[in-house]
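Shared between the two complexes below is chain A, which pairs with chain B and chain C, respectively.
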Partner chain A sequence: MYTQSFNVPDSPGAKTVALAPSSEDPALQAAFDARIDADGRIEPQDWMPEAYRKTLVRQISQHAHSEIVGMLPEGNWISRAPSLKRKAILIAKVQDEGGHGLYLYSAAETLGTSRDQMLDGLHSGRAKYSSIFNYPTLTWADVGVIGWLVDGAAIMNQVPLCRCSYGPYARAMVRVCKEESFHQRQGYEALLVMMTGTAEQKAMVQDAVNRWWWKCLAMFGPPDADSPNSAQGMRWGIKRVSNDELRQKFVDATVPQAKVLGVTLPDPDLKWNEERQHYDYGQIDWAEFWETVNGNGPCNKERLATRVKAHNEGQWVREAALAHAAKKKAREMKDAA
Partner chain B sequence: MTTALKEWPLWEIFVRSKQGLEHKHCGSLHAADAAQALEMARDVYTRRQEGVSIWVVESKAITASNPDEKGELFDPAADKIYRHPTFYEIPEEVGHM
Partner chain C sequence: MSAAVDYLLHLADNALVLGQRNAEWCGHGPILEEDIALSNVSLDLIGQARLLYQLVATLKGGDCTEDKLAYFRDTHEFRNYTLLELPHHGPLSGYAQSSLEYGTTIVRNFLYSALMALLWEALEKSANADLAAIAAKSLKEVRYHLRHSRDWLVRLGDGTDESHARVQASLDHLFAYTQEFWAHSPAEAAAIAAGIGVDVTTLRADWDAIVDAALSEATLQRPAVSGYVTEGKQGIHSEHLGFLLAEMQSLARAHPNGVW
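== the complex of A and B ==
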């Protein structure tokens, strides 16, 4: 559910993918372009330009990493959920995120990258994941706000990806989107319940909204004018809707929800524009956003360290499962002999 | 990291959504063996009662047609329109046939 709607180069400082006219077979290139222009789909065994493949591997693996790292901020609250019901819901949601990561890793693997390569990219810090998870979840209200706003923003991003030109990615997104709606609704409902509580509980919700609102708007990526990769992504049918358009859609959808909930969105410039038939909103702090993307957010180090630790501590389990499988197979062979 | 890069093999997962329907490919996952692949497929692909039966097949056991030979492989069927019922003109008065 947590795609970064735009392409961030993986290694810090790296320039965008070189899209120089390739020396690849022009006939194959022409057939590929024709299929894209006809809104056709590309499948794993089909010929594709190297740059298309690279872009997809990077985007899908970043998306997968985001799902997996996204389990951490909410996972922190499983043991502290306020009731058994909320705990069961949160476990189910976090489990879904793990599943989403798996669908996406599988989709990326069809492009010829291995799971180990991708995990190594994440664990070594080379690969990016959605920077939204580099902020802390300070109170229980944060869990609700993540469901409502972070998942809400992610859904806006992901629905158009169901029509992505790469078949396995599109199919994975269909599955993800089906499961996603529960995530947003459970978060919103948890907040509705808090808003019927004490003044302190209401203040907790408002505080969480204040801290997450701008980060969620930044999730859609830089303004279209500063998003040089977008055009190529659109050309390839990987990206279907621009960053600014998605962001606007999210703002327009969220304002009435905030009203029903009884919270204010922390933006003095947020107001209905009769002429545009959209809400206007204020300036996003992009400097802070890039600081976080580039590793200097409040939780970057902690998140990565937690992932690496979990992976390393699971190493013996992965090895034992393989050894057990080999032993079982040998025993069956012997019995059969 | 100096971990031995030894991945669990890849399995393709097929799920029957309900009795009377066919098993349908729904994705893939890594597992040490078939039994583990089944358990994991249950957790990954049927968390909301999406299935009543699961098949797992090691990916490397699947032989696929080559997309580069799509032409030769499928073209022979393209000019045999007489294999379709609409090829035949039947008088209107005969009704549905």
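== the complex of A and C ==
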């Protein structure tokens, strides 16, 4: 899953990307610009401006971190899944998210940053990840709602990235998007089934929708007027569609799905605007969003500490694998000699 | 029919309980690739459990389903080996908590997969055609689980001093539980008599060979075992299964009329 993150500078001390033209080799810069203007792809061996490289590393690694941290809220329900079929579906989904993390770390590595460096950024708290995962999964219905709305919002964000100017990222996104849309359908289907069940089950679904709806709208990032990085991202073909356009598209697609499902979206201002041919919607609580992005949401500390714990406790295992590989190589060389 | 049901439940509970345990690593693995690998193992095991429970449900008839069997039987009705229900750490009382220990996971997966690689192969010739078909599918999966756990056993055993000591401790902790493999339960005896089940004791020499070869490559010592032989497959479990099932079954039991 992916979210607002590329509008969010890593902290502390991270600078936003300069909009000023590069002072690097003008001929190379001109060739790069021409390639971008022609909607061509930039590949790892191609020359690229340092700022482009840095922006991509930041964006792709934030995206990878989001996939990995995103395993935790849904993983929370694996042990308690209410049927074996749903348990298997959920494990497979969370496993897919881990796979997305792997492709994305690999894509970022083509830009010259190692997975260890990126993980260090995450574990030290410097690198951001999608803030949606800083909210708790309180009931089983959250699993379905995350599939439907969070994966759904992620798809809206990511489909344009399949045309991203950086080749390895664009190709990773093609595969990721296919799986995300599968997750979205599965989540929605799980909710449809629950809505045929008991009154308690229906209430559980509505409660989960109430808690997640606004958080999902915020996933598209701040309004266009407040998104300083968007213009440069658009220029570079890293960002293709603006935050507000994506958010509108998501609202328009989701309202009819909510109707079919039989749930109410918790926004009294949500209504069809005949003139705009879109749904109007209410005010997003951006203060709450920024608090959460900046580390003060309900689960930020838990999520990060859980990642750090897994990494630290796995240290001896990774060391053993390296030591064994080295011993094996030494033995082979000795045998060959 | 009852001999078949009891025997199938033993196989199914083994797969479900170990699948539930392996899934605990999802999101917490020592390296991302291992989160994915252990989730795969878990998915295979849960898939095997589902096929076996579905077969039991067909044999039992009525309103029996795979989920009734998984979620609405109590601890003493589970027929899995005690080995498989233990938490991923050293010996501790039921309500004591500790971190996940990767070596314990690997040793357990290895000891069990080594057995099942042999048992599923033998069960391909079961007189019960449905079970034989499940065995054929499961055999392919367990061969992968065996390769995965054996590779890691060797890495950990022949890795650093720390990893060697840790995985040896896991082996010392778990090995005694394998004694249960070789003690026939009444259900196994009945299934063998009916031609449905396999006499596991005939697989013991092959199991020993698989285990000894791997331990030697991993530079680990095979522990000598004696004393209490666990009886999980007869419904007499450790303190740990109750907690595992309490968690696993909680939601389904809170909504007995729920549809999922």
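Basically, the second predicted complex is superposed on the first by the 323 of 337 C-alpha atoms of A that agree within 3 Å, B and C clash if a C-alpha of one lies under 4 Å from a C-alpha of the other, contacts with A are read in each partner's own complex, and residues count from 1 in each chain.
The working rule: a residue touches a chain if its C-beta (ideal position, glycine included) is under 8 Å from a C-beta of that chain, and two chains touch if they have at least 3 such contacts.
Quick caveat, the model's predicted, so the values are computed rather than measured.
Of the two partner chains, chain B and chain C are each touched by A:99. Looking at the shared chain after the overlay, A:272 reaches neither chain B nor chain C. Of the two partner chains placed by the overlay, only chain B lies in contact with A:120; chain C stays clear of it. Contacts of A:109 after superposition: chain B is touched, whereas chain C is not reached. Number of chain A residues touched is higher for C, counting chain B against chain C. Applying the stated contact rule after C-alpha superposition, one finds that A:286 touches neither chain B nor chain C. In the superposition on chain A, A:324 contacts both chain B and chain C.
By the touch criterion stated above, A:46 is placed in contact with chain B alone, chain C being left untouched. Contacts of chain A with chain B, set against its contacts with chain C after fitting on chain A, overlap at residues 92, 95, 99, 102, 315, 318-319, 321-322, 324-325, 328. The touching residues of chain A, when paired with chain B in their complex, are 43, 45-47, 92, 95-96, 99, 102-103, 106, 109, 114-116, 120, 123-124, 171-172, 175, 179, 312, 315, 318-319, 321-322, 324-325, 328-329. Residues 16, 20, 23-24, 26-36, 39-40, 42-43, 46-47, 49-50, 53, 66-67, 70-71, 99-100, 102, 154-156, 158-160, 162-163, 166, 247-248, 250-252, 255, 257-260 of chain C are the ones touching chain A in the complex. Considering their complex, residues 1, 3-8, 10, 26-33, 36, 43-44, 47-48, 64, 66-68 of chain B touch chain A. Every residue of chain A that touches chain C in the complex is listed here, in rising order: 68, 71-72, 75, 78-88, 91-92, 94-95, 98-99, 101-102, 105, 140, 190, 193-194, 196-198, 200-201, 306, 309-310, 313-325, 327-328.
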